[in-house]
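Listed after this line are the structures, all set down as structure tokens.
Note that chain A is present in both complexes that follow, paired respectively with chain B and with chain C.
Presenting the complex of A and B:
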């Protein structure tokens, strides 16, 4: 279960967080060459950044020579459009998708729903989420929900002969059977290539379940999406990144599968979509260029104090500000990001305490604090609705006479307005507060009156 | 091409030069080959056991079949891509036709001591889906094929095939696993449920 899956259950979230930290630290203690590996991984990313355009051209040429069709997408919308047109060209009505942060960033699911193309996740957590089951639930609750769904299902094969036992092993086997049936008949699959090696013309996947490998081995149409900053020179460099990826992600020394794809299977189609989505623009910026060193391992999530603190306050974001920002496409220039992302980002950047724990643990030494400082500065000048209200209030309070007058009117209004109107005005803040009836006088007026009375007596 | 133009502009930015000079290339030092160091074999066996695999030392090639017979129970299907082992299933060119294979046997390209991984490519497996779709996977490996690190494995693999005549390759570090439920690692997700390495001297 990922940290994000456990967001709904703060104690469980905390337990997973602690377990992952322990696993990561254990790996750290066991490996005497940990620092050297981090330096190697950083050097690999920085070297490839310096000649990204060359590497991408080389990768494209190599893959085309091997029969892979390469497409370019400047943003998520274009990526989704290309996926849809590929599926239509190959007359595919359904698509299997491997777990991927890039596809989430592009919002592929929404684009496919709009085109009536069914999308099925190939991983177990994704399958549970698709069935409407909260993956933070324990095995007994999951078994109960699956049982209820099967009882209502019209599919004869889905009905179990015996009731499901609340045992993680048995439930995993049940899910395995279900997903396998889907994967064995899939017509198209889309996965995120974790890395690409330009010299060998190879795309690399990294995972534990083997779901992506199974789907890619069966489906006649295979689509790979690749973030353009995930290209490195050769496979040896890929291994330098994979070495630090496993321990930081799940605490494993190595992920179970590192699969390398160079050409399509006979009589099948293999496509690669190289996605920019603002990365080339971020690379031009001195404060944001280092973000392309990120390998998406979530080590920053595991060590962020805001994550720990926010588990006590579920309304607050429960991933590290830095990680949430990377996940929501914060590196993008503001004009490219979605509106909802902008709103989320403005609050995310404000949550960061600037302690630098994320930067210390980052295996590729991404300059996260510098980027976070940049975002904060940028969002300070973003005209949000709250900012506009604040400016009006500031104008009102600028002169003492105006403030006095406003206070008088506010007190009068409060007497007449019902509590529900206050909730509308102040939102969540208004609901949580037990609003008192206002005094007749302001503090200033009361103090002046008191002084006058004292003088008279 | 707009994207490439933007990237070339980024590469010419003055702040990029700091990065270029700051990081010197660090090359991983060469370490022992297993043929020269038996410690690597022991490390390979220990690492494989840690990731949930099983390593059985076999005296010679003639002992492969009896060992496999001891693992496979009656009625289970066995697909073998090793000429020393006779299977009861024929190889199918359609990948979905392999879905009911209980056991698959194939040769490994390399074994890696530091991770307990084995390297397979489509020249050993025939179908790239075979090591994933089979319920249980048995891999035949010789001790001289074990290298120390993953990076070395990649180098040997590429040096052995400079013309890059493979279309797919995979490093398997134990059987497939998932931690989707109760955050417990359960072996046997979509890939094989077990991995057995038969180690030849």
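Presenting the complex of A and C:
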């Protein structure tokens, strides 16, 4: 089955996604030393975490020696303020933005809109999102939406001569052409540095499209944002992380582009903003300190069984429980672009089944279930159906005698009531229980009776 | 050997056939079974972030099982065992937890470790499909030397099944969570049902669905039989726990 054949058919499209998951798993198995690489990457992150303050100081000194201006931001608001003031200082009216989870976390787009600064994404998913298109859809649906937008557009020049084909290759070519036209005239660019090597004073970018690298080669003002916990000692350690990042993100051996930036180009300005945004506090928290080991490969999301099963639930797909826990796991109230209400958070935390698949695939062994437990603990008093069920369970589980009594009544009811009533009483268990043979005694009662009979004989 | 049995509440009260089969199996293998007062391990509370009550439940069990004179503590459920194990790991500096931790074994792990089927003839000449258990595959594999990949059954379980005569194991294409844990069926019932249906093909030609996790078995079985009722031509397979399979096989 070709990809183009599958585009109009969501189940087939899902089958292709599953094939991609298998491809990634196969990549793990093909690499004989995968477990060793995984351990090395974890060790690198743990080592960096232990001497983070030292590495940050070293990085700042090295970059300043090389002509880079280093700034610090305690949260997203401060980061955005610094970006805006940098743009104003250099009299830039527009900004090109590379694909970045950190910039999304800081909600840079909203801050720039408030200041009337136009923002152009350099990645295709960002470009689509900016056009108001849901990127979780398949290519056929995306093409359809783009087509509808163009048909409604009053700008005659924007309408293409030929209709957009629901083919990912053509769609990619069209979007890439549009993006690169904008890059040619960019005044400033902001990208997220994936990692930084303190000893070398180097910022590392990692990607597949190469558009942000193009923009960095053109723009006279280059701004790099770096998460506080993304600093490692040297480039060898960066390679240890990049080695597990590629196979885990897309199933590739390596990502297509790994670019190292150390100093500004002649007659240009290079800035680095190091963002904390709750990370330093999380590092001190026993349940959340492990989150800084995350390298953002999204393998946990892709292998989460809830996400795999939620093809018919787009809202669930958008809020994968594990990545939500990662994003919301910080102790500070973060200024998140996708911020949810407390009740919604409680609902998302209820999606995790705690199966542990995310921890198995994680290349840096982030204790995700511990973070999820902490997150759930924070939302334990939220009034929701789940919470009420939890209260009933707590009453039962806390006392063995109450549990025994409930079990006794459940067994009696199973004998007396019809199967339909069981479903009402026991919820989702009812259907299953109705299929099993009813029992008169619990195992404890059966065992005690047998022991008595043995004693008598 | 003296074996203290740890039963899931679901098995103890509502599906006692599994508990009885476990006791009979262990006795058939020549072990002395002890069944102390049973209480909840607190696993369901984990889904609601109720760490305080979860710890209280686990502590009750640690006090009860830690004071028993037994060689092993065996459970026919990986979830309950994992909950207790995690509590013991967090409190390993306590005397009782330190004593109890190495004794905790899931039933299939215990049977593999003691090479229970090595010198005994176990025959079960049927086609079976093995239901995936996340907690047995991911949670209890920490101390195993072999690394576990996503969707792979624990190697010890496959080794155990390979020792059964006449058994034909059908490979499952989807080995993933069935969606029963974490309060998912309460809050997102449709999603949990979809996950359960994905675990078992309908209609299927197998005679038995076998698993090592009673709650997963009941959940998947319910959803499968619901779907089977709409397909009357298919023959409904029986859902059994590994303990029941081995107990019948050794007879």
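Keep this in mind: the second predicted complex is superposed on the first by the 298 of 457 C-alpha atoms of A that agree within 3 Å, B and C clash if a C-alpha of one lies under 4 Å from a C-alpha of the other, contacts with A are read in each partner's own complex, and residues count from 1 in each chain.
Convention: contacts are C-beta pairs under 8 Å (C-beta built on N, C-alpha and C of every residue); 3 or more make two chains touch, one makes a residue touch a chain.
These figures come from a predicted structure and were not determined experimentally.
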| item | value |
| --- | --- |
| Touched partner set for A:172, first chain B, second chain C, both or neither | first |
| Partner chain(s) touched by A:66 [first = chain B, second = chain C, both, neither] | first |
| Chain B versus chain C as contact partner of A:354, first or second or both or neither | second |
| Which superposed partner A:50 touches (first chain B, second chain C, both, neither) | first |
| First (chain B), second (chain C), both or neither touched by A:84 | neither |
| Partner chain(s) touched by A:184 [first = chain B, second = chain C, both, neither] | first |
| Touching partner for A:417 - first (chain B), second (chain C), both, neither | neither |
| Touching partner for A:122 - first (chain B), second (chain C), both, neither | first |
| Chain B-facing residues of chain A, complex | 1, 6, 12, 15-16, 19, 36, 39-40, 42-43, 46-47, 49-53, 56-57, 66, 72, 74, 122-125, 128, 135, 138-139, 142, 168-169, 171-173, 175-176, 179-180, 183-185, 200-201, 208-211, 213-214, 216-218, 228, 235-236, 238-240, 242-243, 250, 252-265, 274, 276, 280-281, 283-284, 286, 289-290 |
| Contacting residues of chain B [partner chain A, same complex] | 1-4, 6-11, 13, 15-16, 19-20, 22-26, 28, 51, 95-96, 99, 115, 117, 127-129, 132-133, 150-151, 153-155, 158, 164, 166-184, 186, 188-192 |
| Residues of chain C defined as touching chain A within the complex | 7, 9-17, 19-20, 23, 35, 37-40, 42, 44-51, 53, 56-57, 60, 134-135, 138-139, 147-151, 176-177, 179-192, 194-195, 198, 218-219, 221-223, 225-226, 239 |
| Residues of chain A that touch chain C when the two form their complex | 25, 28-29, 34-35, 303, 305-306, 308-310, 312-313, 316, 347, 349-357, 359-361, 373, 375-380, 384-387, 389-390, 393-394, 396-398, 400, 403-404, 406-408, 410-411, 414, 427-437, 439, 441-444, 446-447 |
